[in-house]
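Following are the structures in question.
Next come two complexes built around chain A: one with chain B, the other with chain C.
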Partner chain A sequence: MSNGNILLVWGDNRDRRALYKALATTGAGVSFANDPSQLRAGLEQCRLVVMDYDAVRDTAREVLQHLSLQPSPPPVLVVTSSNHKADLIELFGHAALTNLVAKNADFNLNELIITAQKVIRNDIFGLDKYLSWGVQAYQYNITSSAGRFGPMKDLESYLHAIGANRRLAALAHSVADELLMNAIYNAPADPQGNPKYASRSRTEQVELLPDETVSFSFACDGQYLGLCVADRFGRLETDTVRNYLRKCFLQGENQIDTKDGGAGLGLYYIFQSLNHFIINVARGKRTELIGLMDISGSFKDFAQRTKSLHLFIAGGRQQ
Partner chain B sequence: MTAGLKWKVDRGSEAIVVAFAGSIDEDARLDTLTGELSGAPRLRFDMGGITRINSCGVREWVNFMRAIPPGTRATLENCPSVVVAQVNMISNFSGPARVASVRVPYVCKDCGFDAELPMDTPPGARPVLPAMQCPRCKKSEFIFDDLADSYFAFLT
Partner chain C sequence: MQTHKEVAAKGVLARALAGNLAEDFDPKNVDPKGAAHLILDLSRVSGVSSFGVREWVRAVRESAEKTRIWYVAASPRMTDQFNMIAGFDGGGTLLSFYGNYLCPECNNETPAMFDVQLDAASFTSDNAPVRQCRICGRHAELDDIPEALFEYAGSHPVSEVAPDVAAFLKGPQYWAEVAPGDRFAIRKLRAADATTYDIHGIIDVGFSLDSVSSELGDVVSLSLPHVQHIDPTSGTARWIEVVGKLKRDRKVRLVAVPPVFLRRVMDSSAMVAGCEISSVVYPTKCAQCQYKALLQIDPRNAFDQTTLARTKCRNCNGGPLLTRCDFSDITAMHNFVLRSRSASVGRPEHAAPREAPSERQESDLPAFLAQSSPSRYEPLCKIGEGGMSDVYLVRQHGAVGFRRLVVIKVIRSEFLTDDRLVRMFIDEARLAARLDHPNIIRVHDLGRGGGAFFMVMDFLHGRSVSEALFQTAKQNVTWPPALAATIVADLCSALARAHIPDASGKALVHRDVTPANVILRFDGLVKLIDFGLAGYQHFAKDASRAGQVVGNFAYLAPEALNEQEATPQLDIWGAGLILACLALGRHPFKRATSEETIIAILRQPPNLTGLPKELLPIVEKSLQKDPKLRYASIADMGNELREVIVEMTRDRKSSGSGSGLWRWLGRKSEDAEKPLTLESMLRRLFSHQIRIENEFSRRAGAPQFIDALLDASPKDVARLFRTLHVDDATPTASASVPPPSDVRSLGALT
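This part shows the complex of A and B:
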């Protein structure tokens, strides 16, 4: 109980007991809130809110709206069985949402435990948290836009060598490209915080300064392929992620950016191409984007798996 | 470096056929193709050689499709899974063109062999996915390797 409190807003009693057991393993106290008034009472001590969007949808909406108005709300993990675009669009519209799990039959509690532990311990960075212990990670330091092609080729060769499905391998290659382009072109800023390369055409090559270099790593534990790209700026905002995803899912006339620089589709492409998309940010210091793809089976197997988005800010609270 | 995008233009009596090959990415100079296609009453884009598309390439492609003059009959043909994914994710990817045929991913659960099989997509009808035997191991069923509702979402 000394590690703070996890507040559970959940419908089904049996699930609630299972979740209680899992979340209690983190060392945090777990309490229940059935409506926004109970939530308000426990908010001060709360480190994480976990909500069942399906069974208590109205309450979940109220809670999200209430938290969106708070100056420094705790992270909010929403679990849903829905994969309807309309639900995703609605959820991405809530400023308080930080973690979303669209669960499927393969959903297990490990993802919840890892999420809770990252928040409780304030230890958010690292691909290793999501893969089996002992796997070999391949690591690269990227110093220019052209410098991404070699590591991407290595990733392609690696996936071929381990016998990954060809479509999944191609998808992983595309995700790596989007992650790296984002880190190389969008992350670097001058001392005043102004983006340095974001408005440049992606056909224009960029040479990164020594303090702008990007790290790229990948590893696989036989089930999940993990891709990890980190920059040294920590400028990616959770609102930016939600807003881009929402805009792209809406598929309106403004789906593609017409501004100079990127097309504004990268985060959407990445999210759509992964089972789990994790964004870790230490403001002003580091942004780490992790992608996990289940490559253990066919493309159809991959497409049927649970999908999630996790936004973690170092320090726990959102502001 | 990227493999780049190449195309071959075939001017037939009834239509101009453009066969694409390679990656649609930031280096795709589709604006140089637009001028070659002006005045054609019918355009057929053979997408079968497309291997990759990234987010910057999508913008180039959508701008290219927007430049097709109103009234032109255009079709996307032989679309591999990488193109089908874009058609489903990006609202204007197919522009004024109809997706006339696609390639459908199949896989053998036993030996892992995979291939994309051609299939017409006539308006108003969802294709029937044929059951077949794996052409390589000839032991196991060769099955559709995606979620039908997602893969054929562009038809609804």
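This part shows the complex of A and C:
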């Protein structure tokens, strides 16, 4: 029955039982680490580490530092109740961090279950995992930079038709544009792995080759609007994502890239405009960026909801 | 993104940008073209991409090397960029930006502009300013997280706007109806005998018609469809005050009254008392083409579904029209208007031509006072009027020939239907009656007659500090510092009594300590009056106490302007400000416009140049923006003042204020040895009144003026007060303090 082990480092004993039940549904064994020795022993075997950052902050820092020195560490899901800039900057500084949930009052265990299932079953791709069963997505294949405008117009009409808050609709439109620009200009690479269009000005039109086609889909289940953009290169690195986000949150002099190509703000804009940002990568094969926005309420409701970032690498371990 | 509109004038180039800020952004959009100031209106920028942001930052940085950039009316998406991207401003200054409000009732999104200067306190307190839904008029909520929305604005305060830029934004070339730095805008249209004001924006503490109040016709129409919000406390009170003045001798007509206004009227019917509502407007949309419009309705007609069904859409000529909020909401408002209208029809003063105040004073005596049994209160004449009440001089009769003069304050009949105002009136009497102190006016009784409430108080034979300030300005003298300190020390003593905590540990805060509310009796006694806005410390903001915050905004403390909780430190501010006004002969925060004065109170230090050095530390401490930095108690301030008075009395130079004052007082130099009293100062300041009163007493054969009043006929008393009133109205150009018309004259008890 056991598909590996999930190691839980959690402070509140009352939560442990609920967490145990939820995570055990994945078919994995769930073990708790109560002291550093148990922790070190558990890390060797486990396929996912789940940590309560608020309650065991020092231990969590220690674990993240320890794992960052490992050649092939397991994915680490950190749950915190803070989404303050300073905390996010610190967390994005840990190389071992793959999944971050900044929980709020609406937080439920589904997100943990989906995350654990994706890791344990090594089945990471697909927007459908995050939406209610049976929701039909609108799908497009995009073959040029100018080709993104049609689907984006459709998205705009769709959001208007379902009565989404105007500001949220504008954000969704921006996120789709950023995701598509990233997939069209940054992802394609030659056989040696050198980027093909990344250094081009974004005003310069790009025609994609047939094997560079980008897929774009969107769907809504009444609560979440899901946006999904996939390319066929699998070049996005978890370090790149964390470092860009950290740099942007720091709001320093180098927040905006001045080199040719992108501004280095796209991932930051996307993260800031979503409730859940999921990056699935099969190295050299496929990168899938999924954005989820809770459009069921007002903009304020959206802004107050749980926020998360998930980086999944096909194969489970990070290297 | 492209340039939507561009105007250049006197070294200022203003440009409105529109569209998406994307990778194709053209730096020419922020080219100053040689102008010293570049104003960028960002209200129409709808979308932003990361690539556009990079181009933007590059371009504005370059422009900022050649010009000074001012950003106005930033759209929510652009505001996000200021918050998220370091250096997005390129060194320019953000003056105003939009946030979205959401109505919890009708789910309508209403954009509202925040001014980086005027709303600064909200940015740091994370309490978003209150706004109304434009559709149904109810309370709308900020649809954002305050600390996120206000992050940039809170950390980039604007202390001063370049004069050319400020002038341009207020000038006719600028396209927005309400410029940054203003809460509201008024357009005045004059046609024959009627004057129409088109009012835009927010009605709050700074609302005024002063700038356009000359050459008014006999009929004044106030066109209201562009009113966005009326502050439930300061806005309501200010409206009643401003329109109250207008309607005294004019017919006031309200045109195209929107739900935003009607909702406030439903809370406080005094807002429309004595006004004619010519038309109301309700937001509608066409069921066929979704075209949104305001439907104008004559309030004499009923409003129901058939009204909507009958009306064709202006856009497609189809229909039917639908209301954009709950239909029952609209009908409730409309029925309210119908009732108010019928209640106001037939009020003689509406249709009456201008009448002299003297004629009104005698005709307006409340009948119930004369009929009170057995003539206990004998009304003599009306001696003043305030926003919601009239004040009468009355002879009180008792057993075995007992008589005395009292003043009776009567709530006006048009406000009797407003439970809120009636409650305020009763509260005022209740609170003041609890305070027994020689420097606080005594309230003897609260009565009811002819359906009206009235309050019986001491008659104070004297004048307010406000009137005294006016007279000193008119006669070009200043108050001797020791006398100014004495007046305020007595005021502190009165306030210290009010601040003594009650059984529940709460202090009574007066909240309206202004020169108009401090009376200087001619015998030298100082009296604090008007507890109409008073409340216990830390009372919660309560909509039912609407209209209490504002007495005179120029005397409100920063925390009162920000509608924070009232503490005794609020009164310390008022006392400090009165001391500064007396000692300087001018208001230390006074600026050219109401808005500028408010900004000065909120953000700038007081101008205390010329203040005697002995009083400087006391004034500075009492006028600290942060209430915690003021005196811990008003008693401490009073004690310090008394110590200073003793020092100043020892040093005759400062107690006398120089030979000019002595000459003015008509005293000989050898008299300089004697201390100058408040009584002698008042007798000189109001010598004309004293002369008239003495003559009145002489003719009546009475030893004292009060004795003469006790014996005189009501007709003679009315004539006397009319004479004194005319004397007050003499205009002057040199006054730098509010003229008596702004404050209460002899009827300082309204």
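Basically, the second predicted complex is superposed on the first by the 316 of 319 C-alpha atoms of A that agree within 3 Å, B and C clash if a C-alpha of one lies under 4 Å from a C-alpha of the other, contacts with A are read in each partner's own complex, and residues count from 1 in each chain.
Basically, contacts are C-beta pairs under 8 Å (C-beta built on N, C-alpha and C of every residue); 3 or more make two chains touch, one makes a residue touch a chain.
Computed from a predicted structure; not experimentally measured.
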Key: Side-by-side fit of chain B and chain C on chain A, or clash   = clash
Request  = Check the residue A:Gln304 against both partner chains and state whether it touches chain B (first), chain C (second), both, or neither.
outcome  = both
Message = With both complexes overlaid on chain A, does A:Ser201 touch chain B (first), chain C (second), both or neither?
response = both
Message = On the A-aligned overlay, A:Ile113 touches which partner chain: chain B = first, chain C = second, or both, or neither?
response = neither
Inquiry  = With both complexes overlaid on chain A, does A:Ala314 touch chain B (first), chain C (second), both or neither?
reply    = neither
Query = After superposition on the shared chain, which partner residues are touched by A:Val135: those of chain B (first), chain C (second), both, or neither?
reply = neither
Shared chain A contacts, counted only where both chain B and chain C touch the same residue = 165-167, 170, 173-174, 177-178, 181, 201-203, 251-253, 255-257, 262-266, 268-269, 272, 298-300, 303-304
Key: Partner chain A, residues of chain B touching it in the complex   = 1-2, 26-27, 51-56, 58-59, 62, 81-82, 89-92, 105, 107, 109, 112, 114, 143-147, 150
Key: Touching residues on chain A, where the partner in the complex is chain C   = 165-167, 170, 173-174, 177-178, 181, 201-203, 251-253, 255-258, 262-266, 268-269, 272, 298-300, 303-304
Ask   = Where on chain A is chain B touching in the complex?
value = 146, 149, 163, 165-167, 170, 173-174, 177-178, 181, 201-203, 248, 251-253, 255-257, 262-266, 268-269, 272, 298-300, 303-304
Key: In the complex, chain C residues that touch chain A   = 23-24, 46-51, 53-54, 57, 76-77, 84-87, 100, 102, 109, 141-145, 148
